[in-house]
Each structure stands twice: as C-alpha cells, then as structure tokens.
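Below is one structure; the comments refer to it alone.
Chain naming follows the written order as A, B, C and D, and within any one chain the residues start at number 1.
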Amino acid sequence: MISKTSAGLADAVSDIRDGSTVMIGGFGRAGQPVELIDALIAQGATDLTVINNNAGNGDTGIAALIGAGRVRKVICSFPRQTDSYIFDAKYRAGEIELELVPQGNLAERIRAAGAGIGGFYTPTGVGTLVAEGKETRTIDGREYLLELPLRADVALISAFKADRWGNLVYRKTARNFGPLMAAAAATTIVQVDEVVELGDLDPETVVTPGIFVDRVVPLGERPWLAAGEFVGAEKVA
Amino acid sequence: MISKTSAGLADAVSDIRDGSTVMIGGFGRAGQPVELIDALIAQGATDLTVINNNAGNGDTGIAALIGAGRVRKVICSFPRQTDSYIFDAKYRAGEIELELVPQGNLAERIRAAGAGIGGFYTPTGVGTLVAEGKETRTIDGREYLLELPLRADVALISAFKADRWGNLVYRKTARNFGPLMAAAAATTIVQVDEVVELGDLDPETVVTPGIFVDRVVPLGERPWLAAGEFVGAEKVA
Amino acid sequence: MTGIDRDTLAARIARDIPEGAVVNLGIGAPTLIANYLPDDLEIILHTENGMLGMGPAPAPGRIDPDLINAGKQPVTELPGAAYFHHADSFGMMRGGHLDVCVLGAFQVSERGDLANWHTGAPDAIPAVGGAMDLAIGAKDVYVMTDLLTRDGTSKLVAECSYPLTGVGCVSRIYTDRAVFDVTPDGLAVSDVFGDTTLDELRELTGLTLTDQRPEAATPLATRHFSPENGAGRAEIDGSRGGNTP
Amino acid sequence: MTGIDRDTLAARIARDIPEGAVVNLGIGAPTLIANYLPDDLEIILHTENGMLGMGPAPAPGRIDPDLINAGKQPVTELPGAAYFHHADSFGMMRGGHLDVCVLGAFQVSERGDLANWHTGAPDAIPAVGGAMDLAIGAKDVYVMTDLLTRDGTSKLVAECSYPLTGVGCVSRIYTDRAVFDVTPDGLAVSDVFGDTTLDELRELTGLTLTDQRPEAATPLATRHFSPENGAGRAEIDGSRGGNTP
C-alpha cells in the first residue's frame, strides 16, 4: 500500500541537507507552509537557497528562517514588503544574496523545471535591467529573453487536502506556486489540513497529482474553517 | 450581462473564414467536437489548416471535414490509425499536406501560444527525423530542440459544462487538448452538454477560465449520461 | 481648478472600461477604480496571484487568509470566479488575454515606455513582483498617475531616466490633468480636466502633444472592444490575440 | 524450449515493477503487463492522454466514451485517479516524473537508441504520436519485444537502421529469449529464458554481450527504486529528478 503520510513535521524534513535549494510555496502568507518551515529551522539545515515569491513577512515562516541565519540566497520577485524587515536588514548588511526574477518568469522557470523544458523565450523583462546578461532573440517580430529552468532539491508547500497517494487540492489563492514547485523539486513535502481516504478526492478536481508529491503531513483544520467550510477570521494570517 | 452562449451551432461558426487555421480538440473521438465540425462543414469554409492530435476517425467529425475537401493541411502527431482511411487516401493522392509533431511537443507548442512564450527547448525528438531543420542547443549537458508556438484563428472544442462567463469543466480523458487550444486561438468556440447558472461551477474546479472562451453552444446531455452521471454505453463513440 | 482628484480620476477610468472586459488593477491607486465600476455591468477582475472574478474586500470577521489579492489584501470571490496557479495566471497575462491592465508609474515616455518598479536609488532593495509581466500583460495597458511628481517635474518624458518596467507597452495615460493616448507620433491628448489647456500641458511636459479631443478636428480613436458586441461576439481576426492594440 | 511466450514475458516484466511505481505501458504488447501486476501491490498507471490511476477495461455496457487510454481503448478509473490536460501529462513524462515506461521496438541499439515509430518505408504515412515523448519520458525506459524479427534478424543491433525514436534512452530490454541491460559498455545479459545460452545470444545479435546474470560473477545492477522505502521515503538527492538512470 502506498502511503506518503509522514510520521510528523520533524520526520518529514529530517533529511534536508546543508546547501540545499529549497522552494517554499506561498504568496505572502497565503499558502506559506509555516509549520514545515518551523520544522526546518528546528532541524538545523543551513546555507540554503530559498525560492519563493517574497523574502518573508514579519518574524515567522520564511522571515524566521532568514532571521536564524540559515539562508545564503533568496530567489524571488518581490523581497521588499512593508513587513520584510528581517530580510531587509540582512540584505543591507551584505549577509544574504538576492536574485530578482519577475514574478511571471519565476513561475514559468519553475514550471519549466517540472515539465522538462530546457529553456524558454519570454517577452517579460525585455529592455529592462533584468535582461542584462541574458540572451535576447526576435521571434515572429517580437523580442524575447531566454530564461532557464529553476529546480530545487526540496519543495515545502501547503495544500488543503491530500490522499495517501499524495493527490492534492488547494484552497483559493493559497494555490499560487504550490502546483509548480511540487513538480520542480526532487523531493516534495506538503503540509495539509487533512489526509482524506483514497477516492474521496474527485479525480476531476485534483490539482496536483500524487506523482509530484513525496511526503504529506496533516496538521488539522485551521481555526477559520469548520468541517472544511470557511467560518471567518479577523485578519490575514 | 455577459453571455457567451451562442444562438446555435450555425451561428457559432458563421464567421470562420477560408484559409483559417482551426484547432480542433479531442484525442481520437474523446472530446472531438463533432457537432461543431458538422456545422463548419455546412458553413462551407475551406482551405483550412487543422490542428488536432489525429487526422480523423471513420467518416465523421474531422474525417468528414477532410473528406469534404476543406482541409489543405493537417498538423498532428498521429494521422495513421485503423480508421483514418479518409485522410490516408487524401494523403496518398497528394491532396493534403501533413506536418507531423510529436504529441508532447504539439501540446507544448499550443500551450506556448496561449501563454505568450516565444519558443522553448524540448528534449523530445532530439536525434530523430523530426529534428531536421530545427535548431538544437545543449543546456546543462542535455541536448534540446527549439520549438515554436502553434496559434490558431479558431479553436473548436468540446467540454462538459459551462457557465455564461465561459468557464468550463471537462469529463475524464475528454479534457485532453481542450484547455490548451482554448487559450491558443483568437476565437474559441465550445460545445457543451449544458450551460449552468453562474456560480454553479465551483471556482476551485474550473479547468478553463472563461477568459479563454468566446462562444458556448449547449447541446443537451449525451445518451450515456443521466443527470450528469455515467450510466453506460455500448462502445467508444 | 487645475485638475481632478484621485477618486474622480478613478471614476473617469472606470467609465472607459466596457462590460465583459477582463481587467487587472495594479497595486496602489489603480485599485480605487474597482470602487467606481458600475454595479449593473459585469467586469471581471483578475488578480495575478491566481484568480478571476475577484470581489470587493470582505466584511469584518469574514477575512479569509487564503483569499487575497496581489497587494496581499483580503478580497472575496464572485459567482463565476475561477482559481488557477501562478504559471497559468501569468500565461493569461503574457499571452495577451487580459483586455485592460491599469498601472501606476514613476515615468512614462512618449513612446509608451514605462518605469514603475525602481527608482534606481543605490540603497533601494530592488523588488519587481509582477510589474514587468503586467506591463506587457494586456491588450491595453493604461497608466493612472499624477501628471507631476511632488517636486513638480513631469512624469511624462521624452525618455525615462528610471529603470524601465517595459518598452513601448503603455497605450493610454490617465493623469489628474489630462488623458493621453500613446500613438506612433507621440502623445495625443484625448481629454483635459479642469481649466487645463493644451499649451499648459506642453509646457509642463516639454513634449510635442497632438490634440485628439472630441471637440478637436481629429476624432477620438475608436474603441476596439465594443460593449454592445459582448465578448461572445468578438470578431475572429484577433480581438483576443496579441498584446499590442 | 527456446524462449518464453508474450504473456510469460509480460508477467516477468510485471514482477520487476515495485509497489508505488508510476508506470506508462505503451500501446501493443506492453499493455499485457497490466494483467500481471499483483493485486496486492499499488502500482499507478499513467496514460499520456491525461490520467493517472487508470484501471482495467470496463464491463460490457459500461464503456464510457470519455474515458479511454492512449490506444483509444475504453478503460476505467481507480480510487486515487487524477485527470489533467495534455501539456501537464507530457510535462510529467518529459520532466522525468514517471518511474517506468515500457515500449515496443523495431530495433534497439547497444547504446540504448530506440527505433519504434517508423520503418522508413517510402509509402508509409508517418505517425509518431507520443512515442518520442515516451522514449525520454521515464526514469527507466524498458523495451518489450521479440529478440528476432519474423524473418529472423536481430532487433538488437549495433546501430539502428530505422529512423530513431530516441537516442540513448532505453535502460533495459526484455525479450522472449533474455533480458538485457544497457550499460556504458554495451548490452549486459541479466537473465536468460528457456535453454537460451549466452553464446547463442551473441551469435543471434552479432553483439558483444557481457554476462550479468545473478549466478555470474557480476551482480545484478541494484535497483534505484526500492519498494520497501516507498515513494514517500525517497532520498532527497534525485530519485525523482532527471530522465537518466
């Protein structure tokens, strides 16, 4: 019997090595796998390259990982936010490297890695600073940049529900980078509210097929849900 | 109020012009929009380039369109099937042009057109006949071919249900090329079993968002379904 | 009165968005436009973090942390909404499927180059987000901005001095003083607000501006997206194809 | 007995597929393998027309025209199945996510080149389908074939004379006479069937073959996919990455 359910958070992240490239799902706080990140902090791996849309919010999750000094480099589209003070301080102190990638190119580069595409031509960024050092090419009268795939050793993502084969469904805009990162990492680790019985997820509505998922950690329902239905919260987590 | 529901099949295809490139959804007969194709045959447009995985089955649908002499060129991965005798005869008579594209490259080229990608490097076909005349490039130690987007003037596809904004869900393996073609054509025309009330499709499960859809034609439930549930059929349609 | 305030400008832009249009409103001032879209018209809002059919902010106590917009503010979903992942969302933009995108700007050149992500200040932490994708991500890219910076210099320029977001991507510029269309011959004024005059605009911007106001000789450029037709009757030759108008 | 029949070969291949593997069985003889996968092991079948978790043929009268495999035959769905579109399906293959793919062959070279789509005959209508994607579309690409053609020539060759499907893509060849692993030093025999001998295989193929049968000096190459571990415990350094073993 296939079961991708992990014994727990610590077990799920136990073999992440120093120097790994780690994709972390989420857009801001929505879909950010904070509990897996906390487990990674406790596990101790360091010298990490983190791929996420942002560079942490407040002092939890990715921000805490950066604050703990575990991150050598961030690859993201938008590090500077109102609450990115931990990254900001490290960056100004020259203690962290930044590779800035426009958001759509970031998503497409991750998608390319998962889909076995060796590189692609994108119109985004042509004629701008992000084009510096990149090959350009005119195709059918339009100018494009060559962008290469972004792979990772590990992806940490957050989904809504899983089954024991690792099939995933997400909730609303917390889906964001999850399905892309799941396919682009050698090992994909997912935190979910619940692992349901095999067959309980409608095959028409599975967003990430289990083939992309290695380990699943169920964490229980979040406080703003009741029996899977939204009941309301006071603020964006 | 937005309503993409067409007055009928004839109205939906009325402005397709001679010389158009027409993507037609389906893999074999699954998802092939036979009623829209029949309407196109009746409408009379000719000198068409058809993009589909195959080149028609039996004497209906794409095969009938080819048989009626309306197709100048087929772009597909697998023309030769046990029941592709109409295409076979035209091809051997030199009356139809064929561009053969491996199935994954075909899908990805259509996806690239819809997603604004100017070209991409694929490992599929390297070192084979389909690589002839194509640029090759070694990236990160692996050899790739450059493939370019495949666009169309019109896509004719088949889905299961739509709403009046053109959001679509599909049924099982009839999904195949539909979501890709919907995004890659200037005008996308969809036949569905049913147009449901706006809000009746779960936003989490919409496969093709309405942004990709121009016209929807409801045809009523197919005989092997009852109230949307499968009740059985005797053969593959 | 020398011009109009930001809300009036938002309302003015909203008036130009036809029913059936799919629209992305950039972070900042452009989000105000949502408040002025008429209730009786269906206009579909896209947020690049993976949603079409975005609704207004939720009621207090109804904030769903999984449901936010690109500015990371809580939003709601309307009937007809759809969710998708980031690659699909940016494919929608890059593939030219959005009708209108409205962005803020530091500078816009008379050829439609946009600078809105980076002042180039040496101590600034660069952060581009979706700006470059948005800049090329709609059939029409509109800019909403004050004509002048706080220190009185024109944001409309012959050449952008700030780092570019996109090249030749802007089709129309809505400012507090006037509306400008980007044409092959430079900027054309299609509307002026308050007691602003063409000569004043020419002086403030230092640019050659042509007059395309309805009362002037040249008529307003015809819209290529007609609300009466509805998206369902779009003409086949390209109303959904390509990024350039 | 000079070898084994096709069903016995299918059963032999089935035995080598571990629990948890995601497998694509090519059109033709490889589809027989599904009949021999043990009921008590979960092995997930992929069909490139957009499904994981494919089940066996339906009962009479239960044929769903919307539910077919890559050979366009009716199939069923198992609990845990998922549907997806063609770009996602071929991304799965091209991205190296499938564990095993089993294909038929016209010819396989000793370097693992595969020819299985086109005889090169001048009157043939070329049709490649998903063959080239499948050829590179799994961590292990197995070939299932008779060793000899009907006219008695070897399908294992120094160089393919038919047009190639993929270059250096095959990792193992299961024939009616023996099992061959593709190694940097050419083909290695890991199992023989019936009264077949190594010398006989060398004579039939005209190839230098090394002996890697368990009883020989060199042990069987260790599997990189261990059923005991399960996919959930895959090692981090690449068990799901890349196409090459």
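Going forward, contacts are C-beta pairs under 8 Å (C-beta built on N, C-alpha and C of every residue); 3 or more make two chains touch, one makes a residue touch a chain.
Quick caveat, the model's predicted, so the values are computed rather than measured.
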Joint neighbours (chain A and chain D) are B
Winner on C-beta contact pairs when B-C is weighed against A-C: A-C
Would you kindly tell me how far, in whole Å, the mean C-alpha position of chain B lies from that of chain A? 33
Where chain A and chain C are represented by their mean Cα positions, the distance between them in whole Å: 29
Chain C and chain D: spacing of chain centres that average the CA atoms, whole Å: 53
What residues in chain C touch two or more of the other chains? 51, 77, 83-84, 87, 90-91, 93-94, 136, 243
On chain B, where are the residues touching two or more other chains? 108, 111, 115-117, 122-123, 170-172, 203-204
Touch relationships between chains, expressed as pairs: A-B, A-C, A-D, B-C, B-D
List of chain C residues in touch with chain A within their complex: 47-51, 61-69, 72-74, 77, 83-87, 89-91, 93-94, 113, 118, 123-133, 136-137, 163-167, 243
Within the complex, chain D is touched by chain A residues 1-6, 15-17, 20, 111, 113-117, 151, 153-154, 163-167, 183, 186-188, 198-199, 203-204, 206, 209-212, 214-216
Within their complex, chain B touches chain A through residues 108, 112, 115-123, 137, 139-140, 142, 144, 148, 169-172, 202-205
The answer for chain D against chain A in the complex is residues 19-20, 22, 42, 44, 46, 51-53, 77, 79-84, 87-88, 90-98, 230-241, 243
Which part of chain A faces chain C closely enough to touch in the complex? 27-31, 53, 77-81, 88, 91-92, 98, 100-108, 110-111, 122-130, 170-180, 207, 222, 224, 230, 232-237
